[in-house]
Structures are given as structure tokens and as C-alpha cells.
Amino acid sequence: MPVLELVVQIRGLKKSFGANRVLDGVDLDVHKGEVVVVIGPSGSGKTTLLRCINLLETYDEGSIRVDGVEVGFRDGGGGVRKHRHDRELARIRADIGMVFQLFNLFPHLTARENVMLGLRKVRGRSATEAKQIAEQWLARVGLGDKFESLPGQLSGGQQQRVGIARAVAMGPKVLLLDEITSALDPELVGEVLNVVQELARDGMTMIVVTHEMTFARDVGTRIVFMDGGRIQAQGTPREVLAATGHDRLKAFLARIEMKHH
Amino acid sequence: MLFALQSLPFLWHGLFITLQVSALVVVFSLVGGILLGVGIVYGPRWLYWPIRIYSDFFRGIPLLVLIFFIYYALPLFSINLTSFVSVVVALSAFETAHIIEVVRGALQSIPRGQNEAAKTIGLRFSQRLIYVIAPQAVRRFLPPWINAVVDTVKGSALVSLVGIVDLMLAIQQVIGRTYIPMPLYVLGALMYFVINYSLSSASRRLEARFAYIRE
Amino acid sequence: MRYHLDFGFIWKHFDRLAWGLVLSLELAVISIFIGIAIGLSLALAYTGGGRAIRSAVAGYVEFIRNVPLLLLVYLIFYGVPSIEGFAYDATTSFVITLSVYAGATMVEVFRAGLAAVPRGLIDAGKAIGLTGWQRLIWVRLPTMFRIVLPSLSNAFVSLFKDTSLASVIAVPELTYGAQWINTNTFRIIEVWAVTAPMYLVTGYGLLFLLQRLERRFAVH
């Protein structure tokens, strides 16, 4: 039986900010088509983990391989690894998509241009091709009438959907979602999560950091609980949310329950 | 008063020299300031302190002191430049330091998330700078830069003290011949005013044009 | 380079530099205080006044800020006495010039500062029954001063550097002292090697002290 392709492989990941050990030995495998949801209290290292995968943060020890390629380092010969240069990183990052909590849309470009930029300058598409692809994706996320809009003219939920379109239009091998609904007004969260759910159904490999437990339960194929820089528990949504035998996980889930009711 | 009007051609030539000096300094300081400004914000760590020290040094001494030093000291190092070249060097070194600060301010005012988002779609450094950072930085760069240009024009008046016949020295030489200081000083002031005020007005209009990008 | 460094000449005449520095500081301090007085009154006049007053103030500010300081120095020292028929000494003339110059900067600083006072504070003042004048003195001005402290510090250090222009009308401040030593001993490198650091240390030293003061009082 064919083993599902391993898209992301993390081994022994360690990262410190000064004296603060944020990631203390993380091992994680993500296969094609999986939706891995990472939950945990603030400071547990979940966002840092995500940001290390596309090297927005460097990591000190351990290994992150995307599609077999070590993200942060190249072989310097003699068993020494050297930090990758900007050019190499750019190529690697082109295949990893990220959607941000604060959207980070380019304010001087329209929605269409935001999505087109990567297609033209990184994927080398012609203007017509890029325009077509951008408009297709914007329509898919429900913004078919907002091609010409500037980010400043869009609501939070609309901006985030542009952010999603911008990331997936590049055809990434894995999509990283960093608390993408945390900065949204409650009534706008649904429209964004629906888009993500559709992408999951279409087979997009995703690693999602979120507080939205319903989403984790309904869309996630696996939930990973992090605390103190390590993975404390992981399993199917059913297993994890039942939280048998894990005190810290139980306590965390209880706190979340209280917040949402 | 008639004397003043007869001296106008001489004053025009002085004005021309002033504009020449100013234009050269503006161009050199713009190029130098942008290169070093980008270098100090995005460059490797070992670039930070040298550029920082350069900027703090040239902004910490009076322009007059710098002009005197370069004018008198360079020949001692067997560097024999004409007066014109040495003042352009002095003024450019001075203004570059100020432009570095303007560029730095503009670049650092752009949220970190912009550079990060640009990275995540696979853009290289030069591409991030050209397509994402620069378009946003330009808007925050132009008004203070035009201020710096006005300061350059005002600072150019100091070259009169080392014998360059710019507008300032031209005025004084005409006064020396005609003995009517006040009208000539006022005329000179008006000429400087017209140049600089037009520049600041252009700046205000530019600020209005860029306001469509909501923050 | 056939030049032999000799700082002896500098130390022999160091008093010119030292006292020159003192005079530079005095000039800057006097000018900033007068400048603040001018700037504050004109900023208040501008904020409260009608079209005519606003145009007059704007005219003054625009004129001073777009004309080289050197020209202003000459205009006031040589130009004004020629039409009024009196004479004054160089130092007085320079103080007047620098104060007028500072005043123009201060008008902008205070006008922006007054505009930056949060509306909520003014409303609170109204709510407890303060009159317009009382609000000005007890709410708006104190808040404004805290907001503009950084700008005031920078303006003061700038003025200190601008005092170097007094040397052109033979006021014996620091730059004049340096030039005197230069023309009398030809020790160019040594003179500027001492003078430049004097400006740097004094300027950044003042900035540092003022910033410490700001931290205690300023509002962000």
C-alpha cells in the first residue's frame, strides 16, 4: 500500500529567543492532504513553529524538510550546515504558502494585483495568464466583484480571503495558516473558515494554528497540542478533544470552553 | 534702486551657481542616502555601525565647520580640488547623512508584515524592495526629502564664505559697489524664497496625491 | 603629507575655544527662550485668530523658513541699521536674528502641539466647567508642552549648531575661535580635530540630557 507522500518532516526542532527556549524539541510529520491543527496556550511556540517552516524565523537545532529539502540550511561540506541565502530561501518559500493573522496585504495594490504579484515575478507567468489565475482564485473565495478594490476598501473578512487567494494561487505544497481569524470580528470568521474548509476538501495540505475549536474538530484530520515548546499530545480530533490522560490538555480545553461560552 | 536693477544679470549668474551647487548636492546625496539608508536597514550587521557613525557625525557638526575643514584641510593631503568641487563634496557629505535618516524613517515605518508577506510569496530581496517596500516607502519619503532639498538650497549660501560667487556672494558684491544693503538683501531673500517655497508647495501637493492609500 | 601634527598651538589658545563654546551655548539658550515666547504667542494667535492673523503668521513663518540663515544674519546686522540709522553690536544682532529664526520654527512646533492635544481632555475640561482661558492654561498648554518636548530638544540642539554662523559677523563663539586659531597658526587639522568633537560631544550630550528630562515628563 503506498504511503502518503510526506510533505513536511520536522525532527528535533529547537529555537530560542535569547534566553527564552521557545521550541524545545519538536517532531512532526505532515502528509499530503492532511489538515494538521495546532492548538495550545500562548507562548507554547505554535506560531514560532509555523514561522520556522517557511523560515520567517531561523531555527537553532533540528531539521525541517519540505518535500525532502532542508529549509533553513544547505550542506556546507564536511557535515557542516550553512544558513541559506535569500535567493535559495525565495525559491523554497515559493512552494510554501502562508496566510497571516493581520492579513499583510500590499496596500498599494488592488486585490487582483496582490494575487498577481507572485504569479508574475516568481512563477514567471505572463500578464494575461497571471490575471486569469488571480481572477479565478478571487472568484473562488467569493470576491468576484472586488478585483479592482484596494485593501483599504475591503472588510477584514474580505482582506483575509484575498490573503488566502494570494497564497494558494502560487500552487504551494503546503499552506500555513497563522491564527487567520483571530483579528476578525466574529461575524466575519465564518466566511473565511468556509473558504479554508473548501480548500481542505480539495486536498490542500495545511498546517493551521487556531483557537477555533469547532473548525479543528470539523476540518482537522489531526490535532496537535503544544505546550512549553513541545508537542504534548496529538491524535484525531475525537481523541484529542476527549483528552483522556492529559491533564494539561484537559486544563487548556476547559479554559477555551469557558471563553467561548 | 536703479543700481539694484542694473545688477540683476550679475545676480542671475549668482543664482545659477546656487542652483548648480544645489542640484549636484541633491543628486549625490539622494543616491548616497538611498544606498546607505537601505544598507543600514536591510544590510548585514557589520554595515550598521559604520553607516550609523557616518550619519551621526555629519549631522552633529555645523555645516559651516565642515565646509571650512574640507576647504582648508584637503590641500594638505595633496588633494587639490577647486573650491567649487570641495564645497560640493562637503555639502554632499553633509546632506547624505540627512537623507540616510529620511530613508531610514521611511523604510522603518513600513510594518514588518509587509516584508514577511513578500517573502512568503517567494520574492527575492531586490524584488521585495522594488515591488512592495519602495512603493510604500516613497510616500513617506517625499515630504521630508523635499524639506532636505530646501535645507540644501539654504545651506548652499555658505559657499559664499569660501569665495564661490553664488547668489549670496553676488548680493554682497553688488552691495559693496552700490551701498544699498537693504533692498538687495530683500531682493535676495525673495529669490531664495521663490525657489524654496515652490519646492515646499510641490511637497504639500504630493502628500495630498498619495493620500488614497489608506493606512 | 609634509604635515607635522602639533597640538601645542591649540592648547595655547584653547581659551578661545572654551569660551567660544560657552558663548555659543549662551546664544542658543537666549534665542530659544525668546523663540519660544514668540512661537507660543503666534501659535496661540494663529489657532484663535481670524484670516488676517493666520495669513500674517503664516507669512512670517514661511519667509523665515525658506530663506538662508546666513542671509538673515547679514540682513539684520548690515541691512536694518542702514535704513534705521543706528548700529548695534554683532552679538545683539545675532541674538535677534537667531531668536526670530527660532520663533518661526517654534510657531510650527506649538501649532502642531496644540492640535495634538486629545479632544477628550478638552471635553473633560469643559465638563467640569472650566472657561476657555482656564482650559487653555490648565489643560491645553501643560499637555502641549509634554507633547512637544522632543521637538523642543531637537530644535535647541539645532540652534546650538546654528550659532556657528555668528562667526561671520565676528561674534567670538566656538567657530570664530577655531577660525582665529586657523588663520593665526595654520594648524588646520588640529583645530578642527578639536572643534568638531566639541560640537559633537556638546550637541549629543545636550540631546541625551534633554531626553532623560523628557522621559520624566513627556506624553506619547
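Lettered A, B and C in written order, each chain numbered from 1.
Keep in mind that, in the parts below, contacts are C-beta pairs under 8 Å (C-beta built on N, C-alpha and C of every residue); 3 or more make two chains touch, one makes a residue touch a chain.
This structure is a prediction, so every number in the text was calculated from the model and none was measured.
Distances between chain centres, each the mean of the C-alpha atoms, put C farthest from subunit A. The chain occupying the central position, as judged from C-alpha centroids, is B.
Between subunit A and subunit B the centroid-to-centroid distance comes to 45 Å (mean Cα coordinates, whole Å).
Averaged C-alpha coordinates give centres for subunit B and subunit C that are 21 Å from one another.
In terms of their C-alpha centroids, the spacing between subunit A and subunit C amounts to 54 Å.
The residues of subunit B lying in touch with subunit A in their complex are 111, 113-114, 116-125, 127, 131-132, 135-136, 212-215. Note for the complex: subunit B touches subunit C at residues 56-57, 60-65, 68-69, 72-73, 76-78, 150, 153-158, 160-161, 168, 171-172, 175, 180-182, 185-186, 188-189, 192-193, 196-197, 200. Touching subunit B in their complex are the following residues of subunit A: 54, 56, 86-87, 89-91, 93-98, 100, 102, 104-108, 117-118, 121-122, 150, 152-153, 166-167, 170.
Remark: subunit C residues 1, 3, 62-63, 66-72, 74-75, 78-80, 82-83, 161-162, 164-165, 167-168, 175, 178-179, 182, 188-189, 192, 195-196, 199-200, 203-204 touch subunit B in the complex.
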